[in-house]
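I've put the structures underneath this note.
Next come two complexes built around subunit A: one with subunit B, the other with subunit C.
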Partner chain A sequence: MIVAERKPFDELVDSIKDFRRVLIVGCGTCVAVCLAGGEKEAGLLAAEFDIAAQIADRDQSFAVACVERQCDREFLDELNAKVPHYDALLSLACGAGIQFLAEKFPDKPVLAGVNTTFIGVNEDVGLWAEKCRACRNCVLTMTGGICPVALCPKGLLNGPCGGMTDGRCETDPERECAWVAIYQRLEHLGRLDNIRPIAPPRAYGRAGLPGRQVHAAYERRYRANA
Partner chain B sequence: MPEFEKALAEKDFVVTVELDPPRGVDLKPLQELAAALGSRIDAVVLSANRAAKARMNPLLAAQALAQQGSEVILTLTCRDYNRLALASDLLAAKAAGVNNLLLVSGDHVTLGDQPEAKPVYDLDSTQALQMAVQMAQGRDMAGQEMEPVSFFLGAAAAPRANPLAPQVFRLHKKTEAGASFFITQPLSDLEQLKNFVQQIKSLETKVIAGVEAASPEDLEAAANLCREIKASKLAAGVHLSAPDHQDSLTALLDKCGL
Partner chain C sequence: MPEKYEPLIIAFICTYCTYTAADMAGSMRLQYPPNVRVVKLLCTGKVDVLYLLEAFNCGADVVMVSGCEIGDCHFLEGNLRAKERVEYAKTLLDELGLGAERLEMFHIGASDAPKWAAAVETMTRRALELGPNPVGRKRPLPAIEEQIGDLMP
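Coming up: the complex of A and B.
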């Protein structure tokens, strides 16, 4: 899933300072699971904003709305009646959801309430770890199900760098070296031949461009509209 | 054939030293140091933003040293350059009179003086070696024709790596990619070198053993290790470094008896 964390409170207070009525829009999917931007977090933020506004003697009011997914138009439609009553929308969705909300309501300032951090997994209660960089060219078959693009800070494709120390990454002794993990897993599986050939450089040309993907079954529909 | 390639082929024991370009604009001290080292060494390895700290582009320093007759091994790092910039530097290096390259991935930027910089790593060091080989055959990485430009190619090795097997695995790939010599990271003792050489014995790549005097007080210990390495005949040579006190290198050579 996509993992995010709430922006620092002071930064949020600063971002809403020009607006009297603010609608905090939560998202019920990824950011709810990682406790950053679901309905509960939206309500909590509204309460914190209320107190801060009272202390600073600012005439501001806050309301909360939460949609199932901000990255889906049909869910955003639920906000149509509410939005006109507010001066700004503070989205707690991931970066994709925030942009989709902005696109949906072109006349309203849309503010970011979270920093989207990564695509990852839930390691334990309240603990998430990055696993995927969405690089569009998955090497996990080769690397034994451990991603060097996401887990090696250098994104190396041909083995560990010289900075690895006692199986740990040169950038952080707490972090396991991805390439040691890859090597050991493939050795365990008897599949070191996977990584024997020199891996070619990654294809970054497309990776730098905004992605767009059409399901094969819908190709005709979108080609017709193009 | 580059002078250094010849030395590595013909001599029992080569000596390289690592020199940092200035963190400023005056090349004179570097030139004087290289001149003082003179023919006591077989090549100067010019570092590239060593430890991810910004210094003068080593290409310019390489040109200055090459012009005064030093044999230079130019370090190029994948951390700071994408494949376009690496190809461009390869051409410039040749024009500057450089015939040897050390191609490295490079210490991560988080270890350096500008930890918020964007690390590049478009290629890794293995792929950079492949690129250099392709350019020697007159093709860029995309396969397009260009004027051939060839170098004697080296790579870095980490004998202290624990576990060592993944590192050895990678060194096989670096050799396959085109590395003719390895310059190792600084060794702590001869045992490390023994173990390392044992692990890579199926490779023909020549090993130049790294010996570092971390501070001026360490010259004696570094010299001892250097003499041990030479006597052991385990390596094709030594690579001496004295980071942040490189003026001590002449004294280190004296102590090593080189």
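Coming up: the complex of A and C.
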């Protein structure tokens, strides 16, 4: 899932200072699971804003709305009746959701309430770890299910590098070398042959382009020449 | 002459331990400040950070959460979870400028009525030292119980 963390409170207070009525829009999917921007966090932020506004004697009011997913138009439609009553929308969704909300309501300032951090997993209560960089060319089949792109700070496809010491990474002695982990996993599986071939240079060409993909079943609908 | 400041303390306490202690404090005729308003929960594990912030938003000068002694929770770890949430809420209170010291967690066993009386005294003294909650003075007091009630299931 996509992991995010709430922006620092002072930054948020500064971002809403010009608006009297603010609608805090939570998102009920990834950011709800990582306790950054779900219904509960939206309510908590509204309470915090409310207290801060009263202490500073600012005439502001805050309301909360939470949609199932801010990255789907159908769910954003639920906000149609509410949005006109507010001066600004503060979205607690990931970067994708915030942009989709801004696209949906072009006449309202849309503010970001969270910093989207990574695609990761829930390791324990309140603890997340990055696992994927969405590099569009998955090598996990060959690397024993451990991603060198995400877990090696250099993103090496032919590791480990010379900086590895006792199985630890040179960037951080606390961090396990991803390539040592890959070697050990493949050895355990009896599949060391997987890493004997030298991987060719990564196709960085597409990395800077905004992604867009069409499901094969919908080719006719979205591709003019299909 | 300015109105005398009578602190308002909201206490979220658990049924099994602290509430029993508070009940016993009454039976024992222990004297302690009458400023505390008790919100009885089945377990302090039910305490949400939002309850704590709303208590301040509704005008509480200080807020206390009191559960069973560590290791004695009837639901095994509800009081430990409450402890974590209180610690988190304290960081939010600092962030807001209200100050973390307006919130405190206590662990009071069912038979420990004097400890309950002492905890309320501690928090009342603290409320007097800290002065009124800057939010609370702007809201009418009678609505407090009502609003806290809205948050309860």
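By definition in this document, the second predicted complex is superposed on the first by the 223 of 226 C-alpha atoms of A that agree within 3 Å, B and C clash if a C-alpha of one lies under 4 Å from a C-alpha of the other, contacts with A are read in each partner's own complex, and residues count from 1 in each chain.
The rule is short, and it goes like this: contacts are C-beta pairs under 8 Å (C-beta built on N, C-alpha and C of every residue); 3 or more make two chains touch, one makes a residue touch a chain.
All values derive from a computational prediction rather than experimental measurement.
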Room on subunit A for both subunit B and subunit C (clash or fit):
fit
Classify the contacts of A:Phe9 with the two partner chains as first (subunit B alone), second (subunit C alone), both, or neither.
second
For subunit A as apex, the angle formed with subunit B and subunit C - C-alpha centres, to the nearest 10 degrees
120
Check whether A:Ile55 is in contact with subunit B, with subunit C, with both or with neither, and answer first, second, both or neither.
second
Determine, under the contact definition given at the top, whether A:Ala96 touches first (subunit B), second (subunit C), both, or neither.
neither
Specify the partner with more touching residues on subunit A, choosing between subunit B and subunit C.
B
Between subunit B (first) and subunit C (second), which does A:Cys135 come into contact with in this model arrangement: first, second, both, or neither?
neither
Look at A:Thr171 in the shared chain and tell me whether it touches subunit B only, subunit C only, both, or neither; answer first, second, both or neither.
first
Determine the nearest approach in Å between the Cα atoms of subunit B and those of subunit C after overlaying the two structures.
27
Given the complex with subunit B, which residues does subunit A contribute to the contact?
153-167, 170-171, 179-180, 182-184, 187, 192, 195-196, 198-202, 204
Along subunit B, where are the residues that touch subunit A in the complex?
78-79, 83, 104-105, 107-108, 110-111, 119, 121-127, 130, 141, 156-158, 161-163, 165-167, 169-170, 173, 176-177, 185
Please name which positions on subunit A make contact with subunit C in the complex.
9-10, 40, 43-44, 47-48, 50-52, 54-55
What residues on subunit C touch subunit A, complex-wise?
48-50, 53-54, 56-57, 92, 95-98, 134-135, 138
